[in-house]
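So, here's a batch of structures to check.
One chain, chain A, appears in both complexes that follow, with chain B as partner in the first and chain C in the second.
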Partner chain A sequence: MVVSKILRKNAFMLGALLVLALLPIALRGNAHVLNILSACLIWGVVASAWDLSIGYASVWSFGHIAFFVIGGYTGAMTVMYLGIPPEAAIPLGGVAAAVIGILIALPCLRLHGIYIAMVTFGVHLVLSTFILRWRDYTFGATGLSGFERIQLGQYVFSSSVPFFSYYVIFGVSVLLLFIIYRVINSTIGLAFVGLRDSEPFAKSLGINEYKYKLIVFGISAFIAGLMGALYTSFYGTVSPFMLEVSTFLMVLIMLMLGGLGRFPGAVIGAFVITVLSEALRPLVLWRFVILGAIVITVMIAMPQGLMALPQTIKSFARRVTQRKQIKKDSIKTSSI
Partner chain B sequence: MAAEQAVNLVIVGITLGAVYAVMALGLSFIYGITKIFNYAHGAFFTWGAYFAWMLSSGYLHLPYPAVVVITVVIMFFFGFGYEKAFMYPLRRFAGWDITAIIVTLGSALLFDNLALALFGTRAKRMPYLVEGNFVVGGFTITRHEVVTLIIGLAIMVLLILFLGKVRQGMAMKGVAQDQTGARIVGIPINKIFSYTFAIAAALAGVSAILLAPKILVYPTVGWVVFIKAFVVMVFGGVGSIKGTAIAAFILAMVEAFVTFYLGGIWGTPIFILVLIIMLTIRPKGLFGTW
Partner chain C sequence: MKILQAEKVTKLFGELAAVSNLDFEVESGEIFGIAGPNGAGKTTLFNLISGVYPYTGDIIFEGKSIHGLRPFQICHRGIARTFQIPVLFSSISVYDNIRMGAHFGAPKEKNEKELIKEIIDLVGLRGQEETIAANVDLFDKRLTMLAAALATKPRLLLVDEPTGGLSPKEVRASVELFHKINQELGVTIIIIEHLMKVMVEVCDRLMILNNGEKFCIGSPQKVIQTREVIDIYLGG
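Take a look at the complex of A and B:
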């Protein structure tokens, strides 16, 4: 009884999961497509973690790509210099990002909106300076590569072993998305939404704004950092190139396209944008011009994002029918 | 020797300050009046610089006064068109302030990469506004720096007069204070929004002309200046021209000294550090009003 109810309620998500789980078998291990799918999943989780902060808590943190890169560097450097097994390095990347995220949250506690965005974005911009300066360990602009990967029997976790790697990423992503989903539907998520929708009222009910701001920074930075470490391990390289403004914008655009504060939206946006970006790759320099134009058009046409598409269409249809009705009525009255 | 260096650094700081002030005033203008934070302001700067480059050393080789006037006019219409095309249609929906952030980010992506696609990654060189130096009591000051300072100060004075004495300027102040109230008393909000963006873009164009000869022109040049202008805006307080000017001079001076003693790479981190300290101590900025 309960099972069927859960199944019915989440039919869309479970269907999508099933498709994603079976797709590699249908594709018979087509390496290129599988790697694109892996990238979609990675960015989907990062965008969802970001959504937790921007969409649900309305904390305009622009530091998530910085957290992602911090996670990536931590993962690579702990393996390279400390000899930590690569399986353990991935959660360590998340922990490092979470610690830094909470440190960044401290000056943001009293701030709102655009000011948080700028402080965190500032951290993003400064990070590349530190990576470039700390050349002895980070190898500056060339970045790190050639560190030890996760190995399971004969399988290596890397983009050259797409079938195995896809399932690793799939597993981690589903787990993290489930955590995000649980957070959204817990009292913590409710507190985020309360603070977003009416801060004075939420505060009057005893919700501690500072505490939840720290929590949202911690959780979303942890997930972003963990994905960063996973990404680094998957591609076998990490460099300050990841901090380019275009990467930052791409992930933000995934989130906005999917719809802010509409949970699986960010994942859908990630799939659409990653595939689109891959399809536009032959255009080289014009790729980002076209992506920028698409974002602007989408935002003007449907500011609520893809997840709200059914509603947008419905309200549009209603408006059209109303207009027709009014026309009909006016013809009637004029004939009388 | 040390004193001479210090004086030179102060001169560099003052001229940089004038440029940052002009740029920050544009940003603060848009944010104060329309409550939109314009992430594309760096792209405005970049395009202002590219227009100036095309008119001067790039293709047309026009005399400098003509370059300045034409660039400012182009940028004015650029800003006007930008608001009409990208910002105005957003205001049909509730919650447009959030979509506006994304559209400005998206247009930053669009304009930056358009510049990259059209002009390539190679940095372009721009000639100084005026060549030559002044020598005052043993110190050499380039004429370009003097002109920069004069233009910067003139723009501040003009803006203060515009907002205080001119009808349209006062209407802008009204919109800044209360959009609904301004609408009630019959101020045409849409027009004010468009002209605000137009003026801000023109200011970005001016600062691009003044700064481009010193830092070259490349597709992401705007972001560097944009971040500094933002810190100046926050430090001085949104909506205060005086505050913005003072903040610009202080921060540019700090930047000049830091760059000299620690190296150019620390310019941006120092700004971010100042930003974080300022926001934790006094989020409103030095003279914040709006």
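Take a look at the complex of A and C:
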């Protein structure tokens, strides 16, 4: 009874999970497509973690890609310089990003909206300078590569071992998405939505806004950092190139396209944008023009994002039938 | 016994003294009314009591100063409030709006569900629980805001102009509800209200504010017949 209810309520998500779990078997051998799927999952998780702060808590953190890169460098550097096993370095990437995320949250406690965006984007900008300056350890613009990768028996976690690596990424992504889902549906998520919808009311009802700002920075930075370390390990390289504004915009577009505060919208947005961007790659620079045009069209037609598609269709259908009704009525009255 | 004491409370917005050197006391268990012309400083006073702005002077609740506490701490001390313009959590259900108050405002409450149910019945929102708050009418918005405030289990409730925009029938229902909250739950109430009819029916005592200052205080029947009070209202 309860099981069937859960199944029905989450039919879409469970169906998607099943497809994602089985797809690689159908695609066996197609390394290119498998790696694209892996990228979709990685960006889906990163965008969903960003959604916790922007979409749910309305904390406009623009430091999210910086957290991702901090995780990436932490993962690579702890393996290279401290000899930490690569599988342990991945959660460490999350921890480092969370610590920095909470430190950045402190000056943001009393700020709102655009001011938080400015402070946190400042961190994004400072980070690349810092990486370039700290050349002895980060190798500056060249970035780091050639560090030890995760190994399980004969399998290496790397984009050149796509089948095995896909399942590692799938496992980590499902776990993190489940955590995000649980946070959204917990009383922590309720507090986020309360502060988003009406901060004065939320505070008057006993919500400590500083506490929840720290929590949202901590969780979203942890997940971004962990995914950054996973990404770095998967591709075997990390460089300040990731801090280019195109990455930032791409992930933000995934989130907006999927729908702010509409889990798992950000994951859907990530799949659409990653696949489109891959499909349009032969067009070189035109790819961004076409991608931009598609995003603008979708956002105008569906400002709430793809997750609101069923509602948008329903209200559109209602409008059409109403219009038909009005037409019919006016024909009737005119014939009288 | 005094539940709330304001001592020389002053709030400046730049040059403007929105609340000026204000002293007054509220008795435990009473319904205390505050009236005065637009811009008199009524809402600002609520914002000071509930910790929204810093101010000079002192406010003492149940014998302890609450000066300098943050809004969530003041809520946990036992003071809840509503807002002049309904400010709900519009994207979630009426039930979840009330749950927000119960969960975060009354953290020690063991039976959260039972508390919410009692409050829904008290204010008369049964049947609306699953409606998204943005979609309920003005009266139900006001009731939801009130219910969320009550869910924090306050001993002092501040209500800011609860009848604005309501029909006569809804105003009557509101008056009854405030009596019920005061008597059945034993909650002390401070109410800001423009309708003198409501004030006379609801309040034990009424304070008139003008230009941020206490103008007079007393039983509502007497206060509203004072010549100067009528002048303030007519002359502005």
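What we mean here is this: the second predicted complex is superposed on the first by the 336 of 336 C-alpha atoms of A that agree within 3 Å, B and C clash if a C-alpha of one lies under 4 Å from a C-alpha of the other, contacts with A are read in each partner's own complex, and residues count from 1 in each chain.
The rule is simple: a contact is a pair of C-beta atoms (placed from the backbone, for glycine too) under 8 Å apart; a residue touches a chain by one contact, two chains touch by 3 or more.
If you're wondering where the values come from, they're calculated on a predicted model, not measured in any experiment.
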**OP:** Report clash or fit for the pair chain B and chain C bound to chain A in the combined superposed model.
**Re:** fit
Original post:
Given the touch rule stated above, what does A:295 touch, chain B (first), chain C (second), both, or neither?
Top reply: first
Original post:
What is the contact status of A:15 with respect to chain B (first) and chain C (second): first, second, both, or neither?
Top reply: neither
Original post:
Which of the two partners, first being chain B and second being chain C, lies in contact with A:85: first, second, both, or neither?
Top reply: neither
Subject >> Which of chain B and chain C A:303 touches, first, second, both or neither >> reply: first
**OP:** Could you tell me if A:207 is touching chain B, chain C, both of them or neither one (first, second, both, neither)?
**Re:** second
**OP:** Check whether A:190 is in contact with chain B, with chain C, with both or with neither, and answer first, second, both or neither.
**Re:** second
**OP:** For A:171, select first, second, both or neither according to whether it touches chain B, chain C, the two together, or no partner.
**Re:** neither
**OP:** Can you pull out the angle centred on chain A between the C-alpha centres of chain B and chain C, to the nearest 10°?
**Re:** 80
**OP:** Could you figure out whether chain B or chain C reaches more residues of chain A?
**Re:** B
Original post:
In whole Å, how close do chain B and chain C get at the C-alpha level once superposed?
Top reply: 12
**OP:** Report, in rising order, the residues of chain A that make contact with chain B in one complex and with chain C in the other.
**Re:** none
**OP:** Could you pull out which chain A residues touch chain C in their complex?
**Re:** 187, 190-191, 193-194, 196-198, 200-209, 261
**OP:** Spell out the residues on chain B that touch chain A in their complex, using ranges where they run on.
**Re:** 31, 37, 86, 89-90, 93, 95-96, 98-99, 101-103, 105-114, 116-117, 220, 223, 227, 230-231, 234, 265-266, 268-269, 271-272, 275-276, 279-280, 283
**OP:** Please give the residue numbers of chain C that touch chain A in the complex, ascending.
**Re:** 50, 52, 70-72, 75-76, 80-81, 83, 87-92, 96, 99-101, 103-107, 145, 148-149, 151-152
Original post:
Any idea which chain A residues touch chain B in the complex?
Top reply: 60, 107, 110-111, 114-115, 117-119, 122-123, 125-126, 129-130, 132-133, 245-246, 249, 252-253, 256, 260, 285-289, 291-293, 295-296, 299-300, 303
